[in-house]
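First chain written, first letter: the chains are A, B and C, and each begins at residue 1.
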Amino acid sequence: MQNDVLLDVRDLHITLDFDGEDIPVVQGIDFKLFAGKVLALVGESGCGKSLTSQAILRLLPRELRISSGQINFRDPDTQSTVDLASMPAECKAIRNIRGNHIAMIFQEPMSSFSLLHTIGNQIGEVIRLHLKATKAEARALSIDLLDKVGIPDPARAVDQYPYEFSGGMRQRGMIAKALACNPSVLIADEPTTALDVTIQAQILEIMRRLKDDDGMSMIFITHDLGVVAQIADDVAIMYMGKIVEKGPVGEIFKNPQHPYTVRLLSAIPRLGDLSSRRQLASIRGSVPSLFERPPGCAFHPRCDSFKPGLCDDQFPPLTQLSPIHEVHCFLYQTAGEEFAS
Amino acid sequence: MTTTVQAIALRKGRLRRPEVATQWQLMWWKYKKHHMALVGMTMLAVLVFSAVFAEFLSPVVPSERNNKYLASGPMGIHFFDAEWNFHPRPFVYARTTKRDPVTLRKLSVIDETKFWPIQFFVRGSAYKFWGLIDTDIHLIAAEGGFVHLFGTDNLGRDVFTRTLHATRVSLSVGLVGVAFAFILGAIIGGIAGYFGGMIDNLIMRLIEFIRSVPTLPLWLALSATLPREWTSFQVYLAITFILALIGWTHLARTVRSKLLALREEDFTLAARLSGCTDMRIILRHLLPSFMSYMIVDVTIAFPEILLAETSLSFLGLGLRDPVESWGVLLYAAQNVRSIAHMPWLLIPGLFVVLAVLAFNFVGDGMRDAADPYSK
Amino acid sequence: MSRLLKVTDIKVDFPIGKAGFFGRQTAYVRAVDGVSFEIQRGETLGLVGESGSGKTTLGRAVLRALEPTSGQIVYEHNGTSVDIMGLDRNGLRAMWRHMQMIFQDPYSSLNPRMTVRDVIGEPLIANKMAKGSALNDRVVDMAQRCGLNVDHLSRFPHAFSGGQRQRIAIARALILHPEFIVCDEAVSALDVSIQAQILNLLTDLQVQLNLTYLFIAHDLATVAYACDRVAVMYLGQIVEIAPTEKLYYTPKHPYTEALMSAIPEADPSQVMQPVFLTGERPSPTNPPDGCRFNTRCQYVTQICRESSPALKEGEGGHLVACHHAGELTLKGALEHGASISTETRAS
């Protein structure tokens, strides 16, 4: 693994065990997380983006499992690469990484905190667990962390309970907890979806500072393309368990190639042309159920560029449009070949 | 919960054509997954069957006394004799009576040389099926003798027969009691839940008061007030009503809390905006929503009422001769001497256990199936 | 355009905390505090605000689906003015044939135990307006207008996706041919691509059926698309109402400015520079004296702390509630970004 790659996911497959039947949920995705960069996993409901992040930390629900693939992680302690997918889900090595080297923040700050313990207690728990600190040391560090995420009067806040905080403050608390052990990777699963827009702006600012000032690497999961444009460096667009397009954020937004990406970008309202009040471009149909996956490219029933016999037969192989821009679509089969040669 | 996990949960309950499944079909599919619940259901089915066909399934009538087999234990049905020969037709060993030289009591002694083969669909003692149809066909009888599967009491009455007949009484007491409780609970709980406010407050305090009174002394007091001259049927109804009077509170609370919650749901408001009257909202929208929960409550209430009646009758304060439930049968087994000499008299107690267990299993399954739309 | 609805000084109080022994309430939170506005026939008025602004409560109060504590609602119907607050239960139920609501959650707004046909047809049955095959015809017609197939009608809601369920909800709301619809976050719970579908459907239906919408939402970009005019609420009051472009490009209230600056623009070359509001949003149980926004406003002066500004009309139908309305130069939605080269953000 290259030196600046922290996480290298290769051909990851997540399968659902439904009453003895194996149903694919995530089918062979690849992506790399580079040091100090934010990778956005973007997709609508049911694409598997949240499950992918849970898989990295081996937190998949009981019926789901990683059926094949690698999750290579550069362990900062040993500087060697471990494959997180190859170990048992609850082994010591994984538990040592969770919360310590790879931390996660969730969408619902209310349900992610225990209501019975103070914020300081909960942040301190992580610190004492991984860093073997004393209670006093943990408390001091907790206060520092709360201050870092912009919670006012942190010395008092550390002894308060989560229900005493507003939604935005709780989300900051969750970020503080995630940062407690100075992880190399932060996974943020829809962290701002449940927040008001002004609070979202504040949280995004905190995350931007983490990235720019502290060099934090992040996997940012969201369905909001506006947020992606503001925070991400690289984007991977997911649809029904596969990555359909991947590239730097500027390239993807300026030059989207996959039909799904194109339609998705035209479906969001833009503030720049309110006067035109054009009809929003929508995508016909809806995301099929997991149990009724269309053959070949799962997007083909909703695609205007559908080629019968081709798109419904097999999933398009990777086309490298440029060294940094990848797409999986038969439209570019020839284009990619030209580039490769 | 991610969308994928939600989709899985929703799918789990359905197997075929889920789009057109009604809520009852969804519930049944979810119920079927619960193995203990299916076992419970089978047990219940057996008990109900025995209750309905009690007279037919019994070899004799309950009051019939067998002087040749007094206070004697269960007679086993065998396929193999003492020399391990196989007989395709089951049989019981013959019994002869002897007098004990010391106590001068009649004893029944097994004679392993003589067999009484079991006959099926025999004509035996006459009875009225459910008090309506005159007939005399019994399922089993012993050719040339008698068969007492659960033994006899000291008057020679067949315990098996009496237990089966008691099944009918006990289960029907439970049924009627639950029906009373259901109606009372649904109405009172419904009023409390739908109107809220002061009415709800008063009803809740009343329920709390009733629940805080210890049940056993309350039952004893109420049943002791029943006049001795009342016919056994009147006593029967009175007892079930008394039991229901205590049992309705649990159901009322469930109905009330469900109504309070459902009142706030969007679809209730949508129904109001669509122009539905209150009555239509209750009947068409709210009631079906918690019908399943009420059914669960009923399956829980049933064993409570069953046990209550059994306890009362066991103490001699419930049903009386000739209306005999399991509890009344157990009343006869009250003293230590009986238990020591005639332990088979406690078999009705085993039936009580089986019935309560069956209802509990079924209730468990129903509780899980009750809301097929949740995970 | 003629006026359809006029709302005057609506207040909605909710009881909170413990009731006295006999159920008497002692504490209230005022979710909506003196809101007045008009809606013109055929327009789409947007209502935006963050959590605690009272927009959902206001939406329900306007239909009297929720009882306002005080205020006036006048609805122009067939040439006469109807005083909604003065109606009895039957009168109100009759008026609801003309005013309907579409809810946010497509999963809880449909009775899961009724078929789609029953759900859509219920208003007709409840109002005794159609029966048998006539009912079925009307249901089929409306369902098809909303993009549903005939074979969908015998299925149950759990068989459908969020977008389709919202179509069912729309069909139900429109079956009585109402004039006025309150869309309470009608697209917020849907995927992005489906939101666009449903928004397009709502716009088409508005033209086909002569509808007027009150569009409540928290996503400012969506509101900009869907609405002719937009009202901004903060802590139970309307702070600004203006035609969409004026509101977004030239806001006149500091809160609106802060909102506009916080919209994440889907353009990586425009890094947003939000106006960060100081402090926390005050609790609705204890609103600040004077202008409610004064604790967080960067332009606050003494008068703001003392007296509450009224909603005053400026030019071109632009109403603002701010003491400094004319003096401030505020940035609009497009002026908050800073262009950066996307090269610096490539990996």
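Convention: contacts are C-beta pairs under 8 Å (C-beta built on N, C-alpha and C of every residue); 3 or more make two chains touch, one makes a residue touch a chain.
Fair warning: this is a prediction, and the values are worked out from it, not measured in the lab.
Peer 1: Quick one: which pair of chains has the most contacts?
Peer 2: Top of the contact-pair ranking: A-C.
Peer 1: Of all chains present, which has the mean Cα position farthest from that of chain A?
Peer 2: So the farthest one, by centre of C-alpha atoms, is B.
Peer 1: Go ahead and note the Å separation of the Cα centroids belonging to chain A and chain B.
Peer 2: 56
Peer 1: Using mean CA coordinates as chain centres, what's the gap between chain A and chain C in Å?
Peer 2: 31
Peer 1: Could you check chain A for residues that touch two or more other chains and list them?
Peer 2: In chain A, 45 touch at least two other chains.
Peer 1: Over in the complex, which chain B residues touch chain C? Could you list them?
Peer 2: These residues of chain B touch chain C: 10, 18-23, 197-198, 201, 265-267, 269-277, 280, 285, 288-289, 373.
Peer 1: Note which residues of chain A are touching chain C in the complex, please.
Peer 2: 34, 37, 44-45, 166-167, 169, 196-202, 204-205, 223-230, 232-234, 248-251, 253-254, 263-265, 267-272, 274-275, 277, 279-284, 286-287, 324
Peer 1: Of all residues in chain A, which touch chain B in the complex?
Peer 2: 16, 18-19, 25, 45-46, 48, 50-51, 54, 61, 63, 289-291
Peer 1: For the complex, give me every residue of chain C touching chain B.
Peer 2: For chain C paired with chain B, touching residues are 22-23, 60, 63, 65, 93, 96-97, 100-101, 103-105, 108-113, 122-123, 126-127, 154-156, 158-159, 169, 172, 176.
Peer 1: Show which residues of chain C lie in contact with chain A when the two form their complex.
Peer 2: It comes out as residues 50-51, 161-164, 191-197, 199-200, 203, 218-222, 224-225, 244-245, 248-249, 258-259, 261-272, 274, 276-277, 280-281, 333-334, 342-343, 345-347.
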